[in-house]
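Input: structures, listed below.
One chain, subunit A, links the two complexes that follow: it is found with subunit B in the first and with subunit C in the second.
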Partner chain A sequence: MLIRGIKSKPVYTPLAPDLGGRTHLMVGFGVGAEPLARLIADCALAGVKKSSRQLLYVTDKSASPEMREAMQNADVEQVRLFSDSASLLTQFEAILQAATMGTRLYVSGPEAFMGLVMRIADRFNLNRDEIRAEECGSPARRVHCIHCRAATEDVTTNIVQCVGCQRWLVVRDHYSRRLAAYMGVMIDAEVPGELPPIEEVFV
Partner chain B sequence: MSAVFKTDETFRGDFKYSNSPAAIRRFPLPFVEDKYMYSVNIEPHEAGPKGSIMEFQFDVDEHYIGECRDREIVLKEDPLRYQALPHMMSAQWDVLELLMDSMSRDYPGQFSLSKHGNRWTWHNKLLGIKDEFTFGDPSTLPREPLDYITRQAQGDFVVMDQRDGDLYLEAGMVTTPADWSMDFDLGMTFKEWHGPVPLAHELNVFDRALKFLLNLRLNEPVRRLNWTMTVNPRLDTSPEFYPRWGSDRATVTPDNVADKAHVRVELQGLWRLPRSNAVLFGVRCYLISIRELATIPKWARRTHRALRDLHPALVDYKGLTRYRDHVVNWLAPLDDGSPTTPGNSPE
Partner chain C sequence: MSRSHSHTFAVTVTAITQVTPLIKHFVLKASDGSQLPAFSGGSHVIVVMKGASRVHRNPYSLLSSPSDLSSYEIAVRRADPTRGGSVFMHDHVTVGMQLEIAHPVNLFQLDKLARKHVLFAGGVGITAIAAQLEDLKMGSVHYELHYSVRGPEHAAFADRLVKRHGDRVRIYHDSADQRIDIEGLVAAQPLGTHVYVCGPTPMIDRVIASARAAGWANSHIHWEQFSAPPVGEPFDVFLQRSNITLSVPPDQSLLEAIEDAGIDAPYLCRGGVCGECKCRVLEVDGVLVHNDNYLSSEEKASGALIMPCVSRAQGKKLVIDL
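Coming up: the complex of A and B.
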């Protein structure tokens, strides 16, 4: 798998307290609980005030029951738990709308989730040095169909059928932050029906 | 140059397109030697010989009307081929000014521009367009300035905003791309945008190119040639419409290759823009069939060798896998092994 070779995919600094921040906004999904738990402990050690720490977290079965409980009882000012990423993202956007200078964002979870969070952060012009992120969990991709512009979620195979136009798309190693997705391009346009074997590659 | 402007060319459907003998002789063959590999082949965009495609900043040739018409067709179907992020308005006016000044100065018989303070009058005689507007006030033009002027120019245009030591692709008109999508790439940094290009990253081509472009100076534009091949004289080889043109590649046979296969050369120009400090990237596209190209004996030999020995990763990236051998085989009898003179001129 070519994760390191993808030039269009941003690289972020791993999670660690940024003492220059005044508000520490932590956002996670499923297995992202583990790096977040570590971060929260490090924040306490580094003297980052509890009142400046906020957590948004999607409770997903990819995290162990212990980790989910740790998130629920996290040592932060406010914990908000969600059952899916869509509702977390809505809340996240509302928080950024009201955010002030000095906000630091920490994100942890599978890459497709991180991409969606980063896309919103980009819209609010958060700088790269105001964001720290750690990828963990499923490398399944979100794929943007270049032909009909629909997004197919949770793609684990080299070739996938588009949810919008039903074409078979090859997933290119080209990533757009603005669309929070990889590019999907019709695989059998040259000779219809000529599909290479479909393989699980993003697992 | 005294081109006769063709009025009925098409770049789709019946593909009514050809180059006059004069247009063939001025074609910018991309192979300056018998072997091709990437290089940072950037040079000053200075006035070239009279009649050459580099005589002026923005070349207008016999295909102008057909190319503008083809752009309108693409935009009607896929309006997102033109996009500009909101903060790019100042750069849009920069581009409009650069194009109008250049075209009216270099082709006074076809374009005229008069300025009375901020009241400008633009007359495009080839397309029958005449508009009076206030420079700097978008409400006085029928479209956004970049949209307006690039519908009246040949080639694609991309505008890159310069900040944080990088160039961000944040506006453009792209209806004739060689398999890249501006809609997908909008907002990307220079290296993200060029991510899919093979080999070149490892050769540090983009590091050096970016460094060079960040220091690009006003009134010192630069240029380079790039190339690929296209089946049929089709300008819109976008990934968006790939389902339509992808099958063309499987239609090339030894019998039709000389007329179907085209070398597609991009004259890429880069200009620093005065108010916005953005960089304009122009991609002016030239198409020539293998049969037309082979009317120049040196070019037949040169192209035969360059394509025959092309790096496999480039064969794949340029989409030549299915028909490269047909082209090479058709050119082979025209290559007697004799040396070629340096440079790409016809001889």
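Coming up: the complex of A and C.
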């Protein structure tokens, strides 16, 4: 994978309950349902109290109908379902605002979604030993234009046109946690309009 | 690691105050009149004391404000007379005298990303926390100190702290049976809170245990627990690389014996916490007496490593890689 060896990129491992925590906050998107379902089952097995488990989930078409249903009926204290990441993130931030020390965060979904969740978690000083994250689903990238600072979502190609300034950007492997995005740098600075072939690479 | 205490500089004692029956407070200025090196709250310095028969090097927390580099302040609790350093400071150091000290090192740092700081101190442990409070006072992040003292006569620092920090500081008098509700305090802190503790071992243990029981992750729990090198049985050590055998007397640490022989060994804290002095054990006939808080229990059990600043050996033979 292209991103290998990039220090700025978080390390993702399979989700497993952290028994040191007192509140277990699970956040997922689309196909992220699968690891979450496994995690919830493992929590129950490990004796993590149901009252300490909470789930926030974006119902996306990338998850099978069975999976979506599994999330809806998940064995947790409270399930909150959302139709898009933005509304989940707003609610997530409100929850963190009221949360206390002892909370553990579990995140599962495509990389771009996880990045957005992590960015908020960072603001609350949740550290590596309080977060577990498992990446699954689309490797599409969120790209930050270094020229106009707009973020282009769901980028699957090596080169993309910026939604903000319309410049053609080459998608770099440099990831910023703070921006939750990969850097995009203008490609045809020398000869405008002259582009190398555009290929689907993040699929 | 490139940090080293081998470079010391001269300071002059400009004031001494007996703050409690057991604690003396010293003000130190650079002997050449220059500004002292900058430091952050939580730092300590090693004070080199040249006694009649022996050189002592003891770590003391800097408790003055990091924003005032015209002088350093340290407080020294008179400890077990068999261990020379603190007794030397109490009985032999007078105003006007010169001491050597090493550059400040911080092994007890505030977390810069914290959203709130909760600090616990007991007794002379306040010295490690006092300068941190000065740093916190400059910042905008909420902080609170819970400080337990033996009784009114021991609360020398307490008045000063309350004056500077107001209701962010709460004093608990042991003699009036006032106890810090540690469990209650760690139970409901907002996300991003960091807890810090310096004081007697039972207090440190209780803070760590309570925070963990409340689900705190280790990255949010900080403590400073320098142990003084304990007295032990005499033993001999062979330094393989230097090719020399030394005898370590009961009241000297392995590190001190090595230094006395003129061999430069690495160290930072001299209290068994930083890991800097870690040394490989090549051979041991007998047992290692581990007194540090650095090695894991597995490492201690393996017998392959020793922290010469506080740990010793019991038995016929010890060979280390130095």
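Throughout what follows, the second predicted complex is superposed on the first by the 198 of 203 C-alpha atoms of A that agree within 3 Å, B and C clash if a C-alpha of one lies under 4 Å from a C-alpha of the other, contacts with A are read in each partner's own complex, and residues count from 1 in each chain.
Here is the rule we go by: contacts are C-beta pairs under 8 Å (C-beta built on N, C-alpha and C of every residue); 3 or more make two chains touch, one makes a residue touch a chain.
Keep in mind the model is a prediction, meaning the values are calculated, not measured.
Undergrad: Mind working out whether A:167 is in touch with subunit B, subunit C, both or neither, as first, second, both or neither?
TA: Touch partner of A:167: subunit B, not subunit C.
Undergrad: Between subunit B (first) and subunit C (second), which does A:152 come into contact with in this model arrangement: first, second, both, or neither?
TA: In the superposition, A:152 touches no partner, neither subunit B nor subunit C.
Undergrad: Which partner does A:138 reach: the first (subunit B), the second (subunit C), both, or neither?
TA: neither
Undergrad: More subunit A residues touched by subunit B or by subunit C?
TA: Answer, by number of touched residues of subunit A: B.
Undergrad: Once the shared chain is lined up, is A:59 touching subunit B (first), subunit C (second), both, or neither of them?
TA: neither
Undergrad: Determine, under the contact definition given at the top, whether A:85 touches first (subunit B), second (subunit C), both, or neither.
TA: A:85 contacts neither subunit B nor subunit C.
Undergrad: A:108 in the overlay: touching subunit B, subunit C, both, or neither? Say first, second, both or neither.
TA: The answer is neither, since A:108 touches no partner chain.
Undergrad: Could you say whether A:22 touches subunit B, subunit C, both of them, or neither, answering first, second, both or neither?
TA: Only subunit C; A:22 stays clear of subunit B.
Undergrad: Where on subunit A do subunit B and subunit C both make contact?
TA: Looking at subunit A, the two contact sets are disjoint.
Undergrad: Can you tell me which positions in subunit A touch subunit B when the two form their complex?
TA: Touch residues, subunit A against subunit B: 6-8, 10, 122, 144, 146-147, 149, 167, 172-179, 183, 185-186, 189-192.
Undergrad: Hey, which residues of subunit B end up touching subunit A in the complex?
TA: Residues 181, 183-188, 191-196, 201, 239-243, 245-247, 249-250, 322 of subunit B touch subunit A in their complex.
Undergrad: Residue numbers of subunit C touching subunit A in their complex, please.
TA: Interface residues on the subunit C side: 111, 113-115, 186-193, 211-212, 214-220.
Undergrad: Quick one: which bits of subunit A touch subunit C in the complex? Just the residue numbers, please.
TA: 20-23, 96, 99-104, 124-130
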